[in-house]
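Each chain carries a letter (A, B, C and D) given by its place in the written order, and its residues are counted from 1.
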């Protein structure tokens, strides 16, 4: 199939939107027909993202102006709560476009959990029935079949790629998962906040949302589903003075008699044929610099000095594999394209 | 032409080499058949550049092991002085490969100037006759014809793209060109130096090599050639606490009666059909963030408060348009490929 | 004199205010009796600046609550326009406090120039008669005598320290002064702006306000006063991905027959006994890392390859010598304390 | 006591040495009579640390040239193994100076452990009898009495300040301590290494020495001593793209029935009168920016979502409280000065 599909991108003025445009304009099957950014409607993309000044792209417009039936796919980079309103409307109005949503609105299957973590009642919980949790490597069938693809949060992508194969194989105690996470400032979005000013976030390091980060909900849902029970996860994120990239350090209790080598083996088996997930050879340190700008996730396993424990570390680019790249990967799966299409860019280092 | 040409990359363990691999592995007509890095011979590329761990590439080897006649093109990322020795040997031994050299060894046409700035006698000054100065946009005919393509330094690329059209049109006084330049730390290479340690180069800013930077020689040669006389250029570089990117601020004296608008007009005319050089609309600020990771150069013209003067500012990625990207662009020109082949990656922001 | 003077700090929630508190709490003659920050009134300082959590300081309050007659000195870190309103009120109500203003409101002697550059009419231009331009090293007599001390902008402090002695000695052509300036992001203040978000200002470099920066007015006023004529100055600032520090590179035309050595000599003479201004030995590069956190300014002179020209480079910490430190230095002068009192902190490197 | 004591600083060309000079030159009881740096002997301090150019300091010399009996105190900033040789010689030759050692050579009481972690046999294990582990807040008596003060590593300082009171009060399971640590690049020292080049350490984040960092030995020794048994600690450090500062995140298993509130209470009790350790109020996030350049350590306690667990986070400046500042604090204790003398500098933010 060599034709281009009609695509709309909602929320084109955020960082996730920018990276979807950066990658999407080179994708042979994506044709951006509409880009929305309500507060910037009428502007050229170049006016909100000067780095895209050299690319031909539609003028930014308001979402209300779109005729949803004209699109094959709608990439949604809107904030949660906003996203569900528009998706609900799209589903009501037309059968045509698939929706690849990068917000949190369709990630949690339990509306009570959604409300608990995000504060608002979900306006259309039934949509969950036609939504797939878009962790590509672990959910391809659903991604192919469902109308809505709910791309995981950036942190859950890294954590679940690292831990799902271990939980599935009963190698770790899922009741004692400790995830110490670190992210660059783009993870906080483009909104104006004092703590992400360069003068404040630069040359400093701090934890945030300790015990209260919303991505915890996805971790507990997905790992709990594998374990077949409700679990609580320690998720402790830190803001790092860099722009992109995130790294998660999972401190794990091994199941009885299991070893770090068993973990390595399970991960190698799970990802041996995966183009975007790479288990590093023993002793190699994952780093965000190894994956910057690419759709790759690197993982490694380390022994813990404390007997019966192990450490698993994973790194990815939060805007690519953690968001826009995974969205395109899901698009490829959903429409039957070669999964690596448009995602072959190598990491940029230094 | 869809076949892949046999390519060797000499000096694969430096930053320029890394970026040539990053871009080259996606180029439809480049097949890396050999990669050299003498002190790392025998290692996998992944061992010197972990971010390239996901890519199939030849093992690093010593340059002496290569049979030059097996290659269609040799990309040379070696330091000056080392480069001329190997290129001289290649030329002697075989007629086959074209050489795209990213070092300084074939940039200066006058061997006396070469010795003056680089300290050593050039071992084979006659090679200059078969070498083209590889500032692509201004020298395509020579690049097509000559055996050796001497890619300009990163700074000269930015400065000459910004100033050559102005000098050619007699719009500026070439005897009073002041170039205040700023570069990220990759410009200093991968060698171990105290002043490029993260602890020292981070959170600080300093000039270096004031009045003595070797790139001055290229500026004086190329701008002097246009002017038809010997000139001296003020070139004042500064080291900036960031990884990639460089920006030059040229403070210019206008020729009698000329205005900033005349400069803009000359630049717009020169580059209206160029895919990689973009004159920004009036008032827009060039930044290195606008071009990071891409082969683009952005330029703009500003009025000076001092009558009879103007300011021209240009930005590019020193490792791409300033080195590896321009090398591939020259490769495309030399072998008759579409000039943008393999260089369509968009800038990565943020 | 060992007693503490009663001090108020207006605008304590900005970066300049923070640094005045950092230094002021250790000053043996400063007792902060009141701190204002209208939008944060009622909060502890720790709530707006967690790094000051270990220090005993008054609760933030509204400026309207203060009885101006209770203070010996008022440090004013408010934005321009706001500053003049309060200062005018203070002067009307009481004879007691001296005012050390870090805003732009009393720097320009000509109200027309003020309006031209800042947009608003000055509400009380007569106050200019009792205001001194607080460039300490060059204006001690006025600083001692006047009621209001208008601390220079951060950029003008660096530029004027570097160029005033040269202009006074007729060593340079004041009609052709080109100042290429570079500053860290704290220079942009604590206001929420997209271009100073860590994700946007980090790993990038851009010019801003080219030919239009308000600090130009001070440069033209002070250098013009020395020259005895109206002049235009090229002032081209750039935003650098670091927090503090600024460096100015002045590209100068020498007066007939003068040399870089003459410039060096004039600067060495001017500053040989100054505790906070240091002319570096020949060839040493000024850097912002050399002065970070301290009240020092370092300067050096370099030959230009273009005959008849020279380059003078100066660096300082924009929040210290460029603002809060110079304010305390002026306070020391105004009240007859040893000028270095409370300002002996050494630069912090790395 | 107002006189100045004669001090020597060994290893003045490293970062720790630099910060000891930065702080020491303002200390009323420290007079640097000698500074050593073998490879730089004969140079001015300014030549290795330009930021100290404004300070009067002795010329750098070789350690062999010193007459140890001339000094009251010797600050030792040498690498391990080198340090023990010189200290052994000093002790042999003279009874006069106390030694404040910032290396690892006298931290481990068990020579077998020393050899295990550092590779070499300790040349004079008996010196351990006259050495105190210099974690000031927890060991003042020994620091006052012993001849050698072995300042803790930067990481152990943060970890032990956070955890010792908890271990002493039996509030946590010492067999299950997980310390996820993060440090800026100065922690890696001034040696030339590829991974601390600005181009490589900037804009990236990576773990290092997982399960193998030498500071683990101190943690196990000190926490084990409190617990009265041998323990293993998980210590997982990460290199962060910033210059100074470190933050440790301790993931802890509570003793039966204990809560996060118990931990907070124990810490508040332990440090209520300590000038340099501050337990933050509930919910406040520690950050390295809060303590940069100061001798402070900030700590806070957080609840874990997993029942029976808690998270304790501490931040300090690795070069100050983690090294040079704590050395001066120990000097103050050892010589009977007010403990805060020379250490009142406030954190520098931003």
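The criterion applied here is as follows: contacts are C-beta pairs under 8 Å (C-beta built on N, C-alpha and C of every residue); 3 or more make two chains touch, one makes a residue touch a chain.
Since the model is a prediction, treat every value here as computed from it, not as a measurement.
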{"item": "Pair exhibiting more inter-chain C-beta contacts, A-D or B-D", "value": "A-D"}
{"item": "Longest centre-to-centre distance from subunit D, chain (CA-based)", "value": "B"}
{"item": "Centre-of-Cα separation between subunit D and subunit C, whole angstrom", "value": "36"}
{"item": "Whole-Å gap separating subunit A and subunit D, where each centre is the average of the chain's CA atoms", "value": "39"}
{"item": "Between subunit D and subunit B, distance of the C-alpha-averaged centres to the nearest whole Å", "value": "46"}
{"item": "Sites on subunit C at which at least two other chains make contact", "value": "15, 184, 186, 199-200, 202-203, 241-244, 287, 289-290, 292, 349-350"}
{"item": "Subunit A residues touching subunit B - in the complex, by the definition given at the top", "value": "15, 18, 21-22, 25-26, 49-55, 186, 202-203, 243-244, 278, 280, 284, 287, 289-294, 296, 298, 344-350"}
{"item": "Residues on subunit B engaged by subunit D in the complex (per definition of touch)", "value": "15, 184-186, 188, 190, 192-194, 196-203, 241-243"}
{"item": "Interfacial residue positions of subunit D with respect to subunit A in the complex", "value": "175-176, 178, 180, 182, 184, 199-200, 202-208, 210-211, 216, 232-236, 238, 240-245, 247, 249, 251, 285-290, 292, 302-307, 309, 311, 313, 315, 349-350"}
